[in-house]
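Letters are used for the chains, namely A, B, C, D, E, F, G, H, I, J, K and L, taken in the order the chains are written, and counting of residues starts over at 1 for each.
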Amino acid sequence: MAVIAVVNGPNLNMLGGREPEVYGTETWQEIRGRLEKIALDMGLELDFFQSNHEGALVDHVQEVATIASGMIINPGALTHYGYSLRDAVAALSLPVIEVHITNIFAREEWRSRSVVSPVVRGVISGLGAAGYELALLALAAIVGGEDR
Amino acid sequence: MAVIAVVNGPNLNMLGGREPEVYGTETWQEIRGRLEKIALDMGLELDFFQSNHEGALVDHVQEVATIASGMIINPGALTHYGYSLRDAVAALSLPVIEVHITNIFAREEWRSRSVVSPVVRGVISGLGAAGYELALLALAAIVGGEDR
Amino acid sequence: MAVIAVVNGPNLNMLGGREPEVYGTETWQEIRGRLEKIALDMGLELDFFQSNHEGALVDHVQEVATIASGMIINPGALTHYGYSLRDAVAALSLPVIEVHITNIFAREEWRSRSVVSPVVRGVISGLGAAGYELALLALAAIVGGEDR
Amino acid sequence: MAVIAVVNGPNLNMLGGREPEVYGTETWQEIRGRLEKIALDMGLELDFFQSNHEGALVDHVQEVATIASGMIINPGALTHYGYSLRDAVAALSLPVIEVHITNIFAREEWRSRSVVSPVVRGVISGLGAAGYELALLALAAIVGGEDR
Amino acid sequence: MAVIAVVNGPNLNMLGGREPEVYGTETWQEIRGRLEKIALDMGLELDFFQSNHEGALVDHVQEVATIASGMIINPGALTHYGYSLRDAVAALSLPVIEVHITNIFAREEWRSRSVVSPVVRGVISGLGAAGYELALLALAAIVGGEDR
Amino acid sequence: MAVIAVVNGPNLNMLGGREPEVYGTETWQEIRGRLEKIALDMGLELDFFQSNHEGALVDHVQEVATIASGMIINPGALTHYGYSLRDAVAALSLPVIEVHITNIFAREEWRSRSVVSPVVRGVISGLGAAGYELALLALAAIVGGEDR
Amino acid sequence: MAVIAVVNGPNLNMLGGREPEVYGTETWQEIRGRLEKIALDMGLELDFFQSNHEGALVDHVQEVATIASGMIINPGALTHYGYSLRDAVAALSLPVIEVHITNIFAREEWRSRSVVSPVVRGVISGLGAAGYELALLALAAIVGGEDR
Amino acid sequence: MAVIAVVNGPNLNMLGGREPEVYGTETWQEIRGRLEKIALDMGLELDFFQSNHEGALVDHVQEVATIASGMIINPGALTHYGYSLRDAVAALSLPVIEVHITNIFAREEWRSRSVVSPVVRGVISGLGAAGYELALLALAAIVGGEDR
Amino acid sequence: MAVIAVVNGPNLNMLGGREPEVYGTETWQEIRGRLEKIALDMGLELDFFQSNHEGALVDHVQEVATIASGMIINPGALTHYGYSLRDAVAALSLPVIEVHITNIFAREEWRSRSVVSPVVRGVISGLGAAGYELALLALAAIVGGEDR
Amino acid sequence: MAVIAVVNGPNLNMLGGREPEVYGTETWQEIRGRLEKIALDMGLELDFFQSNHEGALVDHVQEVATIASGMIINPGALTHYGYSLRDAVAALSLPVIEVHITNIFAREEWRSRSVVSPVVRGVISGLGAAGYELALLALAAIVGGEDR
Amino acid sequence: MAVIAVVNGPNLNMLGGREPEVYGTETWQEIRGRLEKIALDMGLELDFFQSNHEGALVDHVQEVATIASGMIINPGALTHYGYSLRDAVAALSLPVIEVHITNIFAREEWRSRSVVSPVVRGVISGLGAAGYELALLALAAIVGGEDR
Amino acid sequence: MAVIAVVNGPNLNMLGGREPEVYGTETWQEIRGRLEKIALDMGLELDFFQSNHEGALVDHVQEVATIASGMIINPGALTHYGYSLRDAVAALSLPVIEVHITNIFAREEWRSRSVVSPVVRGVISGLGAAGYELALLALAAIVGGEDR
């Protein structure tokens, strides 16, 4: 069964509690539940990982590359300066989709530039937690070799 | 029946033929066919419009606002300088999702900045024609008031 | 009877309805009514034109130049990137006054720079619809050769 | 009787003599005479002040705030770096209109940026001494609560 | 008989009358006459198009691509911001030569940067109307497969 | 008893030995001793944490938020690029004071910009180890609801 | 008895009345009262000066240098462009602490850069009027030669 | 018989051998042969000069000015930083045409800016060796006083 | 007898005492003595003025213009931001020479740009107090109409 | 026996497998083997460390400083933003040589700037794994006090 | 007898003929004559050198350093990019004065920045050929050890 | 016997005497002696060239390319603006290593950017004269086809 890695960066463990007017009130557990249900329907296995440590994210991206067929990554604030994470992602041969819960282009100027985007397949930003679900659908299609 | 406007900017009428190594070989007619099938399944009506004229796009955005419940917009190259189109979009009270077929963050520097993004709900970039389908799913959920 | 051209750019046809907290609740029809009354009092004829198409604005500026003695122009968002319109205005030998309803210097950074301003006689910004009236008074004085 | 403060910054005491090809040949005394006549007609009192000292301008703006209902200010070269004057203006609750005799957008690059504009109601630039008269008309309408 | 498309952007319909000290006194009709004579001599057909509308230029570039063997384009002020036109040109497989009547590198700073130049074969600037003739000669040689 | 968290970033464990001509000869143990004495006098408890890992700092900031009433943070070099730490701090509802031992505005250009400052209550820079003591006094007043 | 100079720049005479939502409701008289009480306790004399004139501030800084042992300075808006004041401060051999009532790093971009900071001992920003008190404590320690 | 100077800058002596995928396989001798044939037909004499030394180019430009009626110059890499050569060219009263074999606007960013262009009559770029021939035709017309 | 105005800006009253390692140990009185001796020899009268107030400098420049035949100005730190002073100088029809005691191009980056230089006849920088003497010699020659 | 620390940053554990067309096919184990053989010959001991965590690298640099006589560091992507690592290196009194396997000046713009370089003795870039060997030779000479 | 080197860069051999409206009508021979007369009076010997070759200027500066006691240098356009010449000057232990005939701060933007100025004693700009004479006087005083 | 070209740019002929605190006290003759000894051991011939003329360096690089198997180049100050030299190097098919005696990344900002680096194999900076020796070793290995 194909595995899709879901990788979350710094502060995303706080979803639901952290600045809910910005990031929403749903917790990661709730989002994860919905993602697992969708994956089940599509015959995919999900591998979840979150860390506030860029190093741990790099370690994980390197390791998960050997078992995963695709990756959804929300690098949190590392989006804007995590060149080590970027290089780890750039070394992958998997399709990777970058997800942001908020519309990073409508916030502070420095959030509108991602150092990761140039090395991923695609970007989904601003659609809330639903962004993860859409990314999962997209990856399923790419991984499944569906003719689009 | 709720209407979703699908608005395409300059040169998107050439899809399939134009630089296929960049934009893919699928024509807009084929993409439109799939979108209409999905919409039908979800009980949505689609309103398609394409123009190479920024003025015509502004005219259309103003008019379609009175009948549509949501909008998918791919402004083409106007993404990067079409402030008139941006202002027309900013005046909407509909949810709008910006779609790009290619990953605009992995191309020329000037393509990585969108003047439209700060006034839309979300952005989907780099997932090919599937980006339109994902945007449609997302809008359906938003418009349908589904609890996410 | 001397003619003053009044030229409005993209989205100004939506005045009154578009983001009223920014642009006010008065419609263009109401503003136009007041302008016509003032013109009548001063023995001036007004020629109104609005378009969302930069090309149509350029066409019009070229044509109206043969009959008008002065011009009031609000280029809308083209203010910030409409170099074609700028060149059309620069080619005029009429006095031209640029008007903005809002104070463009107190909004987004990109709105504070006008590509048209360097080729007009004067600029009035932030005084609401009254800016058109003041521009009309100023043009009347210039055109009438009044000694100021 | 409502008072309108008219505040002129550095070098504006030299009008008429200073670089007349740029600033015109009319002296401030002549301009002031016309303004007083207009004010008289409208039942307004004018309070004039000019200084080459930013500090004196800040002192005056602070003091006149207690008696004036509106302000016309031409900060001269302080327009471009007088942040203290800007802060004094920003603290006012009066409507303020910034006036420039020349079109500051058609001269040296550094003149095209005003640090005062973001904190005033409106800006009139390039219409010569008539700019003061138009500003007076606009303030009269605002102060008089006229419905525009 | 091979066709060469000659495409002129905004305000070039005004040649001869518009700012003659900048653009010369020759009208487009006169220039066109000379070009047609040269083409005749070389056994080439010319297809002329001018518009002040970027959208119309994009439409035309897309259409003429099916019949032309080469293109001469003077994008007027769109040279500096017409990314939609640029993308239309980039999609061509024809040799394209960009022509400017004036030396755009000796005027305002913003005119010295062309967004179209990176996607054309060559650029001729500052040689007046003769630039079109030289471009025609160059295209004839390229299209004719002359050994240079 | 109210708890004040004291958080030190990379290399601050080396105080006293590291570049003493820049950072002074006092060790962190000595500074800590003085802070504890002051806290004791004010009836406050201090919670100390230092790490060279941004991730560990983010972890700690998230955790300590549940027990602390205020925070003193010296992010070390992360001051200038630690956006993850910034987001962790931004999510706090505690008053936070940023402290720098040296005057960061009088050193290399890149040190004069802090990505953390926009999300803290206040900043104390250049007053040596005494900066921590002043921050403690300030927090005590804020937390104690003293009327200032 | 050692003298500490307290120097306030433009608009700080308006404290309490000026934009109280930004600068607080406490007047300078009240702040001054508290500072004098603290000084008394520490056996220090305070010398107060405020001016809206940069020149007067430079005059004062030059003069007070002969009697003071330390200085607290809040340059107001001159913080961002008052190079003359900066040079006057740079010429001092006294310890100087720059104070800002608001967090200048969390406001407009231009407020986040101080031309004075590179020549002072330390900076305290964002702690309200308490910043003056903390600066006084810090100066007392420095002037008193306390071993920190 | 009128003389046209043809001046080539650094590395152009290597044409044909140097990076032929960029600069073509034709040698300068071959190009020169064709130019001489064209000149002969037009009754013009050509004066050729190439040097890798900016100083030698300046020396030559100064000297040739006394005998030539026009100049074709390809400054090679000096195009982008050779201000001395620029000043030598600026001092000429001859018509000068700048030629580049490659399209300098489609290569590295630094090649897209020429310090020489602002002081020449016109620029031809990207048309290969044919650019020299076109420049010769253009100069012949200008020098011959042909009515264009 | 022709009058030469000598105008010194902020902090130049402190010469000799202020940062002597930068500005030298000579006092302004000593420099003035030498200048007066030279002037006497050349039959010139000197008019000295120094102020720390930009406004006072502007006042003085305006007034002295009616009696002086030339001006030496050292604007101190106003060199870098004193646009009001610049405008006062620009309005003069006298020859003006800007003098700096230190080499402003070998110090902080911000000191290397003068806003006054574009409107003066010449600049002398870095030659110490002798710069004033050289300026006096140069002005004497210009004013005396000596043939150079 | 003198110890040389060899420190590798993020993703360098993947050498040989990661983007081999960029970083080569040799694994770190193979490189390490060669380095140890060279060290043995020179009577040096090597201390190897690699981590994807900036914090762990800082920890290690602090610790190894007490036993090493020199350091070779390849900070990986931290080269470009790892200011904490930079500060840790800056605090060392050992000679440090920065090594990059690829030529960082011939890749993406952001890779051409190293925040570490200003605080190291020297930099070797682009010579592949041999760069480590050259650095070892250089350090041996420096540490050995060899007279160069 | 002390020797003063006078070094002129590119195009200064053309003085008198080159753009006389910019550089004056006096030839270098005439200027040189006056300089030699002044030198004779002061017991100084002058060593003149001019070249259009930066390399020749560097050669000369290196050589003349062994015999000269001071240097006057006008680097011509090399002022703005001649870093090799700058380094040659920086290596001198002689006092060097940079002279420009025109006011380089009142011309094109790129002329206002000198790469040589940071390594010379002083700069004289805009005083015409008299600048050389003033530099000679200044050097005589410095070399003669006159007490200034 | 394979030849390695060693090319030194401006001012490197002054090594040992020029600013010894920056460049060391060793003369080029001494460095050259050591290099020749090393080359002899490795069976390589060295070809030395130094010039202060960029043109001469370009001439030499073009010529030596026909006999050399590798090149060591220290472009001196041309490193930062010598685009002609860069283009000459870029045209080589030899391996080239750029050497700098000092750490150019730890000096003035403008020295930290090399226009040559993007077209060489590798860069060695800051290791003193030993940098030439290391480059020689590296080239020997590359040229000798040693398996690294």
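To be clear about the criterion, contacts are C-beta pairs under 8 Å (C-beta built on N, C-alpha and C of every residue); 3 or more make two chains touch, one makes a residue touch a chain.
Fair warning: this is a prediction, and the values are worked out from it, not measured in the lab.
Steps from subunit D to subunit F, minimised over paths through touching chains, total 2. Using the contact threshold fixed earlier, the set of chains in contact with both subunit A and subunit L is J. Taking the options A-B, I-K or D-G in turn, the interface that duplicates C-E in more than half of its contact pairs by residue number is D-G. Although subunit C and subunit E carry the same sequence, what matters here is overlap: shared residue numbers make up under half of all numbers found at their interface. Pairs D-G and I-K differ in how many C-beta pairs touch across them, and the larger number is found at I-K. Centre-to-centre, using mean CA coordinates, subunit J is 23 Å away from subunit L.
Computed from the mean C-alpha positions, the centre of subunit A lies at a distance of 55 Å from the centre of subunit D. Counting partners per residue, subunit J has 53-56, 81 as the residues that reach two or more other chains. Those chain pairs judged to touch are A-B, A-F, A-J, B-C, B-E, C-D, C-E, D-G, D-I, E-H, F-G, F-J, G-I, H-K, H-L, I-K, J-L, K-L. Subunit L contributes residues 9-11, 13-14, 18-19, 51-56, 76-78, 80-81, 110 to its touches with subunit K in the complex. Here subunit D touches subunit G in the complex through residues 53-56, 58-59, 62, 81, 83-84, 86-88, 90-91, 115, going by the rule given at the top. The residues of subunit F lying in touch with subunit G in their complex are 26, 97, 103, 105-106, 112-114, 117-131, 134, 137-138, 141, 148.
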